[in-house]
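Read through the structures below before going on.
You will see two complexes here that share subunit A, one where it goes with subunit B and one where it goes with subunit C.
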Partner chain A sequence: MSEAPLLEATDVSVRFALRRRAFAAVDGVSLAIAQGETLGLVGESGSGKSTLGRALLRLVPLASGRVRFAEHDVGALDPATLRALRRRMQMVFQDASAALNPRMTVLDLVAEGLDIHQLARGPERAARVRALLAQVGVDEGALPAYPHELSGGQRQRVGIARALAVEPSLLVCDEPTSALDASVRAQVLNLLVDLREQRRLTMLFITHDLGVVRHISDRVAVMYLGRIFEEAPTEALFEAPRHPYTRALLASAPVPDPTQRKAFVAPKGEAASALDPPSGCAFHPRCPDAVERCARERPALVRIGARGAACHLHGAA
Partner chain B sequence: MTALLDIVDLAVSFPASEGPGMVRAADGVSLEVPPGTTVGLVGESGSGKTVTALSILRLLEPPAQVRGAVRFGGKNLLELPERELRAIRGNRIAMVFQDPMTSLNPVLTVGEQIAEVVRLHEKRPRRAAWARAVEMLETVGISSPAQRARAYPHELSGGMRQRVMIGMALACKPDLLIADEPTTALDVTVQAQILELLRRLRADMGMSVLLITHDLGVVAETCDLVNVMYAGRIVERAPVARIFATPRHPYTLGLLSSMPDFAGPRRLRAIPGAVPVPGKHPPGCRFADRCERVLDRCRAAEPALEPADGDRAHLARCCNLVPKEALSGPVRAGAPS
Partner chain C sequence: MSRRRARMRGADRAAAVVALAYLAVALLGPALCGSAGLRLALPLDLAPPGRAGAGLLGNADNGVDVLTALVWGARTSLMAAGAATLVNVGVGLVVGALAASLAPRAQALVLRVLDVLLAFPGILLAIYLAAVLPPSMPSLILALSATGWAGTARVVRTRALEIRARDHVEAARALGATPLAVLTRHVLPFVWAPLLVQGSFALSAAILAEASLAFLGLGLPPGTPSWGGLLDEGVAYLFVAPHLAIAPGLCITAAVLAFHVLGDGLRDALDVRLARVAR
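After this line comes the complex of A and B, so read on.
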């Protein structure tokens, strides 16, 4: 990578309070995404994926750490500059029906960003919306419709058109296909792949679906209880996972081939809660390889070349 | 071999959301569950899987209407007096739902709930029923079962609650377990534990399972026989290996091809359009508007579910079957090789 990454997070933490107890939903995460690259972020529920995605756009406040986007220090921006920068960093959500105002028509929903940033008005505004809808494959007839009158796939496309309207360079997609049926999910994935190529979009793609992440990402980061456990180019990660949690995750995925049926070697137990993370390596109560040191000492994410893993035993090889 | 469960020409109707009249959410569904077999019912959202499953134990309330027959143990469950049905429900046929919170009682400990089921169905004394409850928790892989038996549902994680549900369902050693998306709400590592558990218990107890899911990976891992549903109809049925190797219905092929083919080409072969809502499907073949093999005659009359090229083990509802060599290469696996 010769150019500086478009987005760079350094030691980012996000804290929330639940029942008057503070806990770290994201705990010292560092990552970088190059211009035009798609980084997949996988992990199970509660691992902090969405919170990290939102923190990168400063939709939740950082407890510590830095986020740099292009030449801006996102955490330090004044509100006006931040608003202007939002144009370049957009988000697509899992549940489009919750993210779309039910009282706005498709036309106004897609045009909202154009209005806020005063990018187009009058006939130009309508023309831009039409072009965007055409690009995401929604019929123009939907312009006067309200979100509840659309199918799940159409709503998700409107959510994507809305994000694209302001011509962002970074798109954070948070489980954009998880609520969709298989046949429609494939349509939306194709759309995202096309858009990325046409617009040279940089993407952070958050999902728990290993098939989807393998399909769409250039590189993958695996999260567990607020931390990144492993990071690698997509094929390297799937062909030769290093971290015991990544291995467990891949081994747990059902294989859509009945001739390859296997005995699952699922790790025991479930992820602990971020409210009360285990000492040392957060995976140690479930890890088949755990040694005494793992309960005591937290492994750092060691990056060597394009790969990195946070594990005392499998960190460097 | 006679089937354990035999659903014949089941139709489930609801009042139409717009206008008068009823629409059919499941229509002419016939399927068998042989003894000791896991039968999959797979399809996208709204295809009618859940209403089919709920009809078996008459769990749908009016204004829903259920027609047809559900044969089990020589009786038609749809016509059985309520008292006789209750003796079968939870005893010889048990059901597990996607969201265990809706079927667990929040004010009773999980041990009490399982023990209650045991007492009702096996007429065991309280003590013995409690012991059996603890034993079931252990069977379904809950650690420290004696302590966990005293926990309330909200004190357990999602995966543990699903295990409790399965433990409760299996406490009476049913002949048939109906599981509706039992792992959909769970993380993949926990899903793997539950699927392994279901496989093990089926082997140990010799029960049959009717597994409802939208996930083809889960189907491939667990089912012996597969029924594919679309718009209220079963459109294809075959042993699991054939469904994946030689799907004959264009919809099944479409579903397989729209799975993110992990290492494969960047474009997925998506099925255009979306699943129709009940009552809004086209005349003739219900898949016609989305089908790449559609012919004029597909729209003239709906094809019947028939042996594909005379193969009685492989049925498809299509008048222009997918040729056998259509699937280009096997669907690749997500796990490391």
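After this line comes the complex of A and C, so read on.
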């Protein structure tokens, strides 16, 4: 890829304070997403993947590091420029019933971006909303409805239409299908894939569901306790995971074939807490391959070609 | 999420009826009963109800008709307490909403100032203000609304912070909404319900405070008919003419109770504590 990536994060950290103690929800993450690419971001809950997604859109403040989107330094923009730039980077939320204002109708919800950026008004506004609803597969009879009158799948479709109304080039999807029934999940996922092709969207797809990430991503980044542990093209990651954490994560995913039952190497114990991260490599207390060095020294993410892993044992491989 | 209809229990409905009746008397009563009963009628001095020529609720000092005085007193009390409540709710809404938008440290500062105001016994400040200011309706309203808004501001701030943490507010920010648009379109629409409840309690407290000031002879020019003033007279003649203390006492109690219970009922009906947001 000779072209500069659309989104590039360099050494991004996000800190929160909990009971007067600061902790890093995201700790020195660097990543890049090329124009038109979909990067899957996987990790257990508490790994900081949603926070990272929000930090990239500057919905939470950066403690350190830089985020570059197109030609803008997102972290350094003044509020007015940032608001104008938001047209080009949108977000789809996990829980659409919480992310849609319950006192607004579908028409006003989807049109909100049009109103904010003064893209359309009057009949043009309504026509644009109708076209968007048609694209996401919601009947236009839903225009005067309130979110609680819609099904879960419809609500998420409305949330997608709202994000697409301003014609963004980057779409951050934060677990967009996790709150949906299995039957609806595939439909919404396919809708996102279709829309991505039609609109040539660049995507950051945040999920804990490995099946989903394999289906939708070009590349996958695996996050654990605020750091990226492994990054690889999707098939390479699933075929030959390099980081012990990735291997454990893949092994713990259910296989829909009872004859394929493999040796179970689930990670030992619970994920460590970001409030009190282990020394050295954050995964070493649970890692089956840990050596003494892992407790002492934190491995850097070493990139070789398209792949990268943050592990003392595999970094040089 | 079970969806309850916004309905009130029997006691709450009774309170609503009493509150409405009180409003109706304050608005229409003086026009209906006129001011003839407020004139001196010395033969009826302290006449109890039932004596020939006496009013339905008896007569007060110098023969003033108690019922007429109560009706006019209702108007005084509603005007003063109602206006003080509007000030309370308006100032509380603005301060609370702004406080919720501040940085955590500035918020902490505002909260400490509100704490000081809340720690100060409101009625003492009201007595002081009513005593030093020239007796008039604006002075009375100022005295009645001096500290109450601090409690309202706290309620508004808490609610606004709770709403701000919701995803739909983040979604609006992600769309590029200005802070003012976020506040007016995505936060304030969820603040009205607790504000209505708070306003109802504030009105109840203001009625009581107004009666207290009038009882002490503060706030309004002497001779203005008021429940508190009538009660004051009643205390002076408590053993001679007990009817004089009982009637305004019951009026004050009923009005304060009605608006207080109404606030409780509204809170349950609007499900404020359960934070039900569906329309």
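Quick note on the criterion: the second predicted complex is superposed on the first by the 315 of 317 C-alpha atoms of A that agree within 3 Å, B and C clash if a C-alpha of one lies under 4 Å from a C-alpha of the other, contacts with A are read in each partner's own complex, and residues count from 1 in each chain.
The rule is simple: a residue touches a chain if its C-beta (ideal position, glycine included) is under 8 Å from a C-beta of that chain, and two chains touch if they have at least 3 such contacts.
For clarity, every value in this text was computed on a predicted model and none was experimentally measured.
Trainee: When the two structures are laid over each other on subunit A, do subunit B and subunit C clash or fit?
Mentor: Taken together on subunit A, subunit C would fit alongside subunit B, as the superposition shows.
Trainee: With the two complexes overlaid on chain A, check the angle at subunit A between subunit B and subunit C, Cα centres, nearest 10°.
Mentor: Approximately 80 degrees at the subunit A centre.
Trainee: For A:Val166, is the partner it touches subunit B (first), subunit C (second), both, or none of the two (neither)?
Mentor: A:Val166 sits against subunit C, while subunit B stays out of touch.
Trainee: When the two structures are overlaid on chain A, which partner does A:Asn101 contact: first (subunit B), second (subunit C), both, or neither?
Mentor: second
Trainee: Identify the partner contact of A:Met91: answer first if only subunit B is touched, second if only subunit C is, both if each is, neither if none is.
Mentor: A:Met91 sits against subunit C, while subunit B stays out of touch.
Trainee: So, does A:Gln198 touch the first partner subunit B, the second partner subunit C, both, or neither?
Mentor: In the superposition, A:Gln198 touches no partner, neither subunit B nor subunit C.
Trainee: For A:Leu57, is the partner it touches subunit B (first), subunit C (second), both, or none of the two (neither)?
Mentor: second
Trainee: Is A:Glu112 touching the first partner subunit B, the second partner subunit C, both, or neither of them?
Mentor: Once the two structures are laid over each other on A, A:Glu112 reaches subunit C alone.
Trainee: Looking at subunit A, which partner touches more of its residues: subunit C or subunit B?
Mentor: So, of the two partners, B touches more residues of subunit A.
Trainee: Touching A:Ser45, do we find subunit B (first), subunit C (second), both, or neither?
Mentor: Only subunit B; A:Ser45 stays clear of subunit C.
Trainee: Once you lay one complex on the other using chain A, what is the shortest C-alpha distance from subunit B to subunit C, in Å?
Mentor: 9
Trainee: Would you tell me the residues on subunit A in contact with subunit B in one complex that are also in contact with subunit C in the other?
Mentor: Correct list for subunit A: none, the interfaces share no residue.
Trainee: Quick check on the complex: what are the subunit A residues that touch subunit B?
Mentor: Touching subunit B: residues 44-45, 151-154, 181-187, 189-190, 193, 208-212, 214-216, 235, 238-241, 247-264, 266-271 of subunit A.
Trainee: How about subunit A: which of its residues touch subunit C in the complex?
Mentor: 54, 57, 59, 82-87, 90-91, 93, 95, 98-103, 112-113, 116-117, 146, 148, 159, 162, 166
Trainee: Using the touch definition from the top, list the residues of subunit C that touch subunit A in their complex.
Mentor: 166-168, 170-178, 181, 185-186, 189-190, 277-279
Trainee: What part of subunit B is in contact with subunit A in the complex they form?
Mentor: 44-45, 143, 157, 159-160, 187-193, 195-196, 214-221, 223, 240-241, 243-245, 254-263, 266-272, 274-275, 290, 330-337
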